[in-house]
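Look at the two complexes coming up: subunit A is in both, with subunit B in one and subunit C in the other.
Coming up: the complex of A and B.
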């Protein structure tokens, strides 16, 4: 008997990512536009090859995130076991400093308005948000965007350094692509395992990994534990924060902010069923190159009657099972076989998967005067252009080029097959057969990847109505009559006191916006009147602003 | 025994204990979100890597020493075959080493707090008060030990201070025992009472949630949306309905 659990998972189609950072910006606006999280990007987009964010986070010999096998072949945290964690709790030797991320800054905008009349145009100097002093901006979350500073910065890419010298030289014919990253919501999360307080947990309903802000004591071990460095330390509140998979949104069936706003429509969200009892076993296979297959083997076929029966026995609701059957994630991983996990060698069983980009191959091919969409040319080039393949393999299959090659061949086949159709020629079934697919399947994949209809990209079952009262937001036990600014006013400064639930914060922000005339925080805001609700009779309190500090009658 | 002795050695300790206990209960109920170490490691880790372990391990040994000296009666150690001489030498050597490590660590941490810009910016008035009281307690304690038992002729606090300490918990306080103790020990005890009284309202609360449970719990924690509320009680009228 298997222990079936459901997991919300994501797939990103890197071929369609144009590196516009819309996902990062909307995520930041939604979640981390607060003091203490200025440097935090739950979603970031990095250019590969590049150092990433935080710098060289993939170098696990340095940062020691994720799991490794001990001499008996059993999983242990790479940064050390429980005792070692407790002994290094007073000063975590493996924690990135703010400089490894970047020192957040603002500008002294007021100078632009308050500077006296002078010959020179006043400038707004950058001010560090950490020290408050003038600063020189020298790094950011995407400083090496589009290979900026390539020859100096890119060689420090830990993934690139794993490739042989010969490949490095060939890298001179530069290739690049974008890698948007969020928390992987792993099946075997090393951040959760690293948390001494037990404040981090994986939700048993949908597998989202969260930090209990009431229980977190700021021991910072999760930051070290996560090999993707996707748990962040809020330096104002002294608590860990991370990507929430936008749980308030997915609970009501709408996609995460990063997915919703993705202009390339390259993100897919859906359910995956997996066998929780087999996770540890699969994560501890001896050869890193087998981890990709092992990870696939943990996932269950939602159409298998035995799986369905076992899932029912675990209390997974019918509409969730239906969603699992319609899951685009399952299709991309299994039916089409084009999605690969990011860094399976960390042994955390990541649940945000990627379709590796074919574009570097097509670009190089077209650049050399070949027909970049001809099936034979493409198939040949995928094997000939070892550089991108080797690089992609280090990212998505622990260095084994075979899975990446298979995916790229399928993507190439789809291009060539569909081009014939678009040009009005006969469909060439042999192209599909060459990659172990049928023409029908290729067209199905084309529909999901290229048309990417909203309803097919996002199959998100709602959290259950009968669980309604137990949902996150109504759970927090705070009524809407909350007073005062968000996150402020606790007995020990801004970090203390009851946290404000998102819905309450939004409610008050909206209320303020509707009842205020000023752009920012007017002092007499409480006295203002929403003219939409004014019936034109009399002069209610706050209809006119205060004069001489006295309230108008 | 005069009124002052009663105030200092009976009233004050019970007040401090009450504030310590009720303060923690109150803080835990109303300010779980503020219950954290408020680590500043992100800003600076070079000095912290020396100072923080030095201080924390030092003070843990000091804590063990206090348990050994205050809680365990002299008759017990003697019954266990530990001579006065052996106890005295162990206590003085261990205590001095741990005390110096603690004080050295604290000095590094305070120096860091004052000189490293971002760390100083993140220091609240509450922190400053706490550091002052904490440093005072440690300095007085170390001074008392050194004055009495290293350079001085030796003072057996296990016949006066320890019974007084235990008498408080027996609810039969005996202020006379403490009234005769050397002034440095008295000051150390009083400053410690002050520290206990402000403890629940400072960042020191993190000590009570030292994560020893980590040693025994399974690595990966699963929680249902059902018990998302954790240990927080819903407000009246907002209890979940089934």
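Coming up: the complex of A and C.
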């Protein structure tokens, strides 16, 4: 008997990522432009090889995120079990510091307007948002963009360090690609398992992993537990926050902000059905290299009548089953077999998958004077080149080059096959058969990858109103509207009105707040209560002025 | 004109008697929109009809004759313009603009002497310069011409390198590489990219403050050392914001300068050709080549104490 559950999943096609950071910027504007989350990027794009954000987060020997097998072959958190957690609950050594993320800063833009008459044009110099003092910027959310600082910084890339010395030397040939990352919304989330307060949960209807802001006690074990370092600590609210898969958007059938705004149109969103009873078993296979296949085996065929019947038994609605059958994610993972999970060896069963980039291979070929789109040349190069295959394998298949090689061969076949058609020549079926596909399949894949109409890239079923109670929406208004949250629409939030961007406008306000001893600055207009919205119940903070420095009861 | 009179009202008396009123700024905006084929479909249709008579080819179906965009439309939301003979691309039917599609698909002659695309410039001055056909010209020898040090010279005190100013991957000039978010996703201020070999010779490490100096000016920025860069060349990406994180220069004592502080336009006679087929002279950005972007500079590590 299978316990069928539905999961919203994403696939990103790395060949199309141009590293423009539109996803990061729009995500930040939507979700983390608040005090307390200055350093937080739910979505970030890092250049590989590179250290990533936070730096060297993939080094699990150091950060101990994700799962490992104990001597009995059972899963346990790499950072240790309950007892170990209890001992480290007040001083957790396995937490990235703000320097591992980066020390957020702004610029003294006000100076551009207020500077006195002088010989030179005034400039805005950087100010740390931590100390409020002048600073020399020495690390950022994307410091090694485009291999910046490569010779000094890239050798610390945990993925590169796993490769042999010879490969490291070849790295001098300067290959690179971009890796956009959001929360993986794993099937076996180690962040959820790490939480001592039970505040983190995986939504049963669509598998989105969320933090219950009311239950979070700020222990930050989730930050340690997540091997992707995609749970963040809001230092103002004292609670954890993370990528929400833009659930207020996907519940009404529209894609996440990062996907919607992606210039390269490289993101796909769709439903996947999986067997919840087999997740733990699949995550515990002995050999890391088997994890990719194990994870695939947990995912169910939405066209299989038995699966459909079992799904119905679990109460999954018909339109969701239809969405699962049309899912671009299922097609990319199974029908075309080109999507791979990121770091399956963490044993969390990540649900944001990637199509590894063929471009570095094509670039190497073209750079050496070969025809980079000829099928034979490409197949030969994919077999011969240790880099970037070795590197990609460390990212997407626990170091096993075979799955990556197979994907790249299929992408190469598609390029060559479609080029012949584009040049007005006869389709060459043998190119497709060489990679175990048919010409028709290749053209279907081409349609999904290259033409990729909006409605085909995003097949997102709407949430069901009758499931409302399960959707974790609080009864009174927007569930994002907690103190310091992105909704902040209410009268008692930090800002009565629009969310305040982390920028010039609030630099001085932030500085004032950070340099006073008081918890809130009475002068701060943001703490005023909007009387128009006040419902007359209770006396919220800021309704009356403080007397003798104490709040009114 | 009648339509414009209807929208703006008519002037009574004075030199403009009977003309549409341009009394207010919005009146002028309406006038511009009414007089352009891209915002007044009637003009576009008329223009294509005239063009068809001149070229003997057809442009039917390109103009949207009844489309008229008013200033109020543009205030409400961005409005796509209509296809017009003023431009070479077609946006008819929601198509994305691409240059020269009208020339190719409607056989409109190119604006050249032959009406075709051609590379041969049969002009006396071009012949004299040996450039009647496209030709490779090496970068100017700045050492001989202007007394700059030779490329590759120098050491700890600063080395001489080629100085290029390409566009960055995510910006048109300062938009949008210089807002706080994008600066947070890069190095947070002006930078110059250089190769590890050059950096080692000049004693420069990644993120050190450096100064680049030549006869035109000086730039202060932080160095990015990357194996992406070829030895002997540095990049300073185009138009990084001059009012963000630019300290004073040691060399001049003044504000540190921008990428164009080191470049200067150089005019050659062929830039001045005018009144000949597709070549016309205008006092603007002289010449079709970016020759001033092929500069050389001395780059050196400066005091790491910077003063704003």
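Everything below uses one rule, namely that the second predicted complex is superposed on the first by the 465 of 553 C-alpha atoms of A that agree within 3 Å, B and C clash if a C-alpha of one lies under 4 Å from a C-alpha of the other, contacts with A are read in each partner's own complex, and residues count from 1 in each chain.
Rule of thumb we're sticking to: a residue touches a chain if its C-beta (ideal position, glycine included) is under 8 Å from a C-beta of that chain, and two chains touch if they have at least 3 such contacts.
Note that the structure is a prediction, hence the values are computed from the model and not measured.
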{"item": "Which partner reaches more residues of subunit A (counting touched residues only), subunit B or subunit C", "value": "B"}
{"item": "Touched partner set for A:126, first subunit B, second subunit C, both or neither", "value": "second"}
{"item": "Subunit B versus subunit C as contact partner of A:233, first or second or both or neither", "value": "first"}
{"item": "Touched partner set for A:401, first subunit B, second subunit C, both or neither", "value": "neither"}
{"item": "Contacts of A:151 with subunit B and subunit C, given as first, second, both or neither", "value": "second"}
{"item": "Which superposed partner A:350 touches (first subunit B, second subunit C, both, neither)", "value": "neither"}
{"item": "Contact set on subunit B toward subunit A in their complex", "value": "30-45, 48-49, 52-53, 55-57, 117-118, 121-122, 124, 126, 201, 206, 209, 211-215, 217, 219-226, 228-235, 237-238, 240-242"}
{"item": "Contact footprint of subunit B on subunit A as seen in their complex", "value": "77, 82-83, 85-86, 89-93, 95, 97-98, 130-133, 188-189, 192-193, 195-198, 200-205, 212-220, 233, 235-239, 463, 467, 469-472, 474-479, 490-493, 495-499"}
{"item": "Parts of subunit C lying in touch with subunit A, wherever the complex brings them together", "value": "169-170, 180-189, 191, 193, 196, 205-207, 224-228, 242-248, 254-255, 306, 308"}
{"item": "Footprint of subunit C on subunit A - complex, ascending", "value": "18-21, 24-25, 28-29, 45, 102, 104-107, 112, 119-126, 136-138, 140-143, 145-153, 172, 174, 176, 502-504"}
